[in-house]
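Both complexes below contain subunit A, partnered by subunit B and then by subunit C.
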Partner chain A sequence: MSEYIVKENALVDFFKSLASGRRLLTPQGLGDKCKLEETPPDKVNLDFSNTHMSPKSLLFPQTEALMAFHNDASKPQAFVYQSLGDKGEPLAVFGIRPCDAKGLSIANKVFQNDRFTDNYWKGKIDQAVLVGLACDNPSPQCFCAAMGGSPFGEAGLDVLAFRQGKDLGLKPLTPKGEELVKASGAQTANLADAIKGLEAEAVKSQGVPPDYKGIDNADLMALFNDPHWLATAENCLNCGVCTFFCPTCHCFDIQDETSEKGGVRMRNWDTCMSWLFTVHGTGHNPRPSKTERVRQRFMHKLKYIPLKQDGVRGCTGCGRCVAMCPVNIDIRSVALKMTQTAASQA
Partner chain B sequence: MPALTDITNKIRESAKKLLASGQAEVVIGYRQGTIPMTTSPFFARTADECDLLVWSNFARINLANYLPGRAGKVAMVAKGCDARSAIGQVTENQILKDNLYIIGVPCTGMIDTNLVVAKEARPIREVVETADDSITVKGQGFSTDIKKDEVLRRNCKTCVNRTPKLANELVGQEVNGAAADDFADIKALLAKTPAERMGYFKDLIKDCLRCYACRNACPLCYCPVCFVDETRPQWLGKSTDPMDTMTFHLLRGLHCAGRCTSCGACETACPVNIKVREFNRVMELTVQNNWNYEPGLSWDQKPPLTMFQTDDAADFIK
Partner chain C sequence: MNNPYLPYPVRIAEIRVETEDKNLRTFKFEFLNPEDEEKFAYLPGQFAELSVPGQGEIPIGIASSPSEKGFVLFTVNRVGQVSSYMHNMKAGDVMGIRGPLGHPYPLDKLKGRNIVIIAGGFAVTTLRSTITYLLQPKVRPDFGKITFIYGARSPGLLLYKDEWMAWEKRDDIDVFVTIDREVPNWGYKVGFVPAVTKEVCPPPENTSALICGPPVMIKFTQPVLEEAGYQHENIIMSLENRMKCGLGICGRCNVGPEYVCKDGPVFTLAQLNRLPKEY
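Let's turn to the complex of A and B:
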């Protein structure tokens, strides 16, 4: 696939073509109000840093009703749960950052893999085309490069868009993306070298990435049993903000709620930071204190997910948890401690 | 010497003495955060660790939150509001007075980072805190001075008890707070119709994620199991249903009535910037009006909602 270019004066037409037959969602609003919203093609904003929350709620809403039943015995199928469908719709999402797209690709392997498929996730992602916008000026909180990504990363995207002066460069990455770009009337252009140059500069702005490779090679139990977890977790509030904001956190809780008329089964975001997350019906809790819970979060991100997903880390370096944690527990400092454990074991 | 540096030095000195003399096994303070405009609660147990303690305009989390149920002798660094929370915990039997040592910092107010970002929207890569009445934020190609007065947290603007007078020691010069918190905003709110008030509070929490960071950051919320987490029976749904969310906030407000010291930790912790304290302020005013009570101002006062008096103004109780 070659690259394409959309000239500044053709941008609105490009977004019109994205919006044709689909809803166009792009980041709108500033700071903590920045979120993916339906956008008229002439109102797309390219000057944002990132959405306040990750885009995962597009595919995995905080609350999603999965099934429902009615209790009117005079009608058929009383008291029988019926699926409410996946609620997928044709979407073009423009402006996803590479860290977040990579985050979705990691969660995607949890919801769709060789063992099972979650139709509620699949129904949405199949109808969405994801156009990322590369970061030419990463925020101070970003560390995608340290986590094996890049401000121009491609994982999870159908198309990578990038600013080329005042124009918009496009690199299709999937057949779905190629089709979208071709239909938009964008001009082909050879931009491979331009991308390389822009990417190198953006990566440079994040400084020399720390090396966490030690964690990948370290013995799992050595990392698990290291005494540092006690101190690492000591100031944690167990609030779960880190997990709610993380693009790769995907744990959920299934709940049934009933009313006079029937009931609904829904799926809600859950958080491993909560005491309730692991408590058994007997009252036994295998993760009784915040030390075990904090360890779980970081071991999951930096050791268990890489083991299951061919070395890809469960943290993409979006920096949200670092910025949002009320007590500044910084995954980079924790990764460093884990790297030190690994080194002392070697 | 800038006031913050002076306080930092005195905190370190005091912490070392307390650890060396055995008056404390751990000193809970703040260390510098890993990103600009943050600090991180820090537990110092050795002299070297004491040298990591700092004072800053961003020491916003209330460290009394780490006290309940703690065994052994503990010292904490406390602003005026935080010291009142700790004293409240002593009166609520959450920690023994003899086990607690308060290193009191006369506080000139903490900064709301959202207000800073509202003044300087470009990405901030560094903050300089050497001046007493302003900060300087820096980023790619800019350096902006911001007056501290203009970016104080709203609870700090109306804070009356900035100097923790009941602390075991004070580090730094005593400061005067606001003359009084007149609750003008809350009085105006309470003058509205019930429907208008409901509308106000519904709008206030419309973005709430129910992450419970406000609860977990609050030194009053030390219940072993919060009612929202109870499962047998389950009082509250787990979805984003607005009524469940409202129930959480209303009940939390009631549970904190007469106990909140307006430390602002809840609002600092909230990731979507909800003014959680609105609920608490209504209850504070109500408790002040009914029982002329403010929490954390003496070691032996009893929270009004935990006691019974035969001369109570309310009829139903007699």
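Let's turn to the complex of A and C:
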């Protein structure tokens, strides 16, 4: 696949073509108001840092009705749950950042795992085309490179877009992306070298990334049993804000809601920071205190997910949890402690 | 698209009170749509989510054996919201079951071996499935000696009485049922499961142990098996963790990188030794 270019004066037409037959969502608003919204093709904004929330709710809404039943015994199918459908619709999402697209690709391997496919997720992702916008000027809160990503990362995207002066470069990454780009009338252009140059500059702006490779090679139980977790977790409030913002956190709860006529089975985002998350009906809790729960979050991101996903870390370095944590717990410091554990075991 | 969250509708055909404290009841379900029974093809050791409309779902081991056609059995302890609600349901009520979930006991890999089955309390459910399966005339010759050790606090707390009494009379399975303390007219063993295991468990050569029970029973039975010479690869257990999806997606039931629902619930002790004890 070659690259393509959209000249500045053709940008609106390009976004019109993205919006044809689909809803076009792009980041709108500033700062903590920045979020993915339906956008008229002439109102697309390329000057944003990143959305306040991760884009996961597009595919995995914070609360979602899965199925419903009625309780009228005089009618057929009383007390039998019927699916409410996956509610997918054709979407073009423009402006996802590479860290967030990578986050979706990690969650995708959970929602479509080696044994089961979550139809509610699949129904949405299959109808979405994801066009990322590379970060030529990464925000100071980001550390994608330290986590094995790049401001020009491609994971999870159908097309990577990047700024070429005032024009927009496009690199299709999947057949779905290629089709979209071809239909848009963008001109082919050989931009491979240009991308390399821009990427190198963007990576450089994040400084020399710390090396967490020791964690990958370390013994799981050595990392798990290290005494630092007590101190690492000491200030944590178990508020769950970190998991709420994280593009790769995918845990949910399932709850039934009833009315006079029947009920609905809902799923809602949940958090491993909560005591209730793991407590058994008997009262026994395998993760009884915040130390175990904080350890779970970081072990999951930095050890368990890499073990299950060919070395890819479950943190993409978007920086949201670091920015939002009320007590300044920083996954980079935790990764460093884990790296030290690994070194002392080696 | 197939929806792995959508339960198959079932009707409660029968409810049997299993224990004298009435805390355990066995539910016999029949599928409302006969074709769902085929889709629910399972093996001993797997579990299902029992779905009560408006109340929620609970993961429960399948107590029937795939050789028993036309129904499925689950034995439910009264614990909290959903299980207590189920204890107040009646025959004829409609609910749902979703599965089968998890991996079965690796019986296909145990062919030609002796099997010792050790159960404590109501954790015997999926082992009832296993024994019923193994004792089928077509299956039984594939395995060596079968030994069943089963304990509960008192006679009234033992499940599946008719069944283990019938097994006791057979000559192709050795059955040792035990209670904690002597009671009048009790014709079987007395003592804790680990002690009985020490006394009767077969030699470790070409033998695998399947063990399910409360944590204290496992804690004290494991050393007995080790002392007898059992390798950790040949000690097979089934874990429980709080669950929701049963599909390895909701993230709730993990033990290290493994999801008990999707990658378990059956693990060998050798596998568990390499994992955090978060269960």
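Quick note on the criterion: the second predicted complex is superposed on the first by the 346 of 346 C-alpha atoms of A that agree within 3 Å, B and C clash if a C-alpha of one lies under 4 Å from a C-alpha of the other, contacts with A are read in each partner's own complex, and residues count from 1 in each chain.
Note that a contact is a pair of C-beta atoms (placed from the backbone, for glycine too) under 8 Å apart; a residue touches a chain by one contact, two chains touch by 3 or more.
Note that the coordinates shown come from a computational prediction; the quantities given were computed from them, not determined experimentally.
With subunit A as the common reference for superposition, the partners subunit B and subunit C occupy compatible, non-clashing space. When the two complexes are superposed, the chain touching more residues of subunit A, out of subunit B and subunit C, is C. Once the two complexes are laid over each other on the shared chain, residue contacts for A:327 go to subunit B alone; subunit C is not touched.
In the superposition on chain A, A:245 makes contact with subunit B only, not with subunit C. By the touch criterion stated above, A:237 is placed in contact with subunit B alone, subunit C being left untouched.
Look at A:63: by the touch rule set out above, it reaches subunit B but stays clear of subunit C. Legend: residue contacts after superposition of the two complexes on their common chain; A:286 is shown touching subunit C, with no touch to subunit B.
Applying the stated contact rule after C-alpha superposition, one finds that A:253 touches each of subunit B and subunit C. Distance between subunit B and subunit C in the overlay is 7 Å (nearest C-alpha pair, rounded to whole angstrom). Common to the subunit B-facing and subunit C-facing surfaces of subunit A are residues 253, 255, 279.
Listed in rising order, the residues of subunit A touching subunit C in the complex are 66-67, 69, 71, 77-81, 83, 86, 110-111, 113, 115-120, 122-123, 220-221, 224, 250-256, 258, 262-263, 265, 267, 270, 272, 277-282, 286-287, 292, 296, 299-300, 303-305, 307-308. Remark: subunit A residues 30-32, 49, 52, 62-63, 137, 139-141, 231, 234-235, 237-241, 244-245, 253, 255, 257, 266, 268, 271, 274-276, 279, 322-324, 326-330, 332-333 touch subunit B in the complex.
Residues 33-36, 38-43, 61, 65-66, 114, 117, 121, 123-125, 139-140, 209, 211-213, 216-217, 225, 229, 231, 237-241, 265, 268-269, 271-273 of subunit B touch subunit A in their complex. Subunit C contributes residues 1-7, 9, 32, 51, 53-57, 79-80, 83, 93-96, 240-242, 244-245, 247-252, 254-257, 262, 274-279 to its touches with subunit A in the complex.
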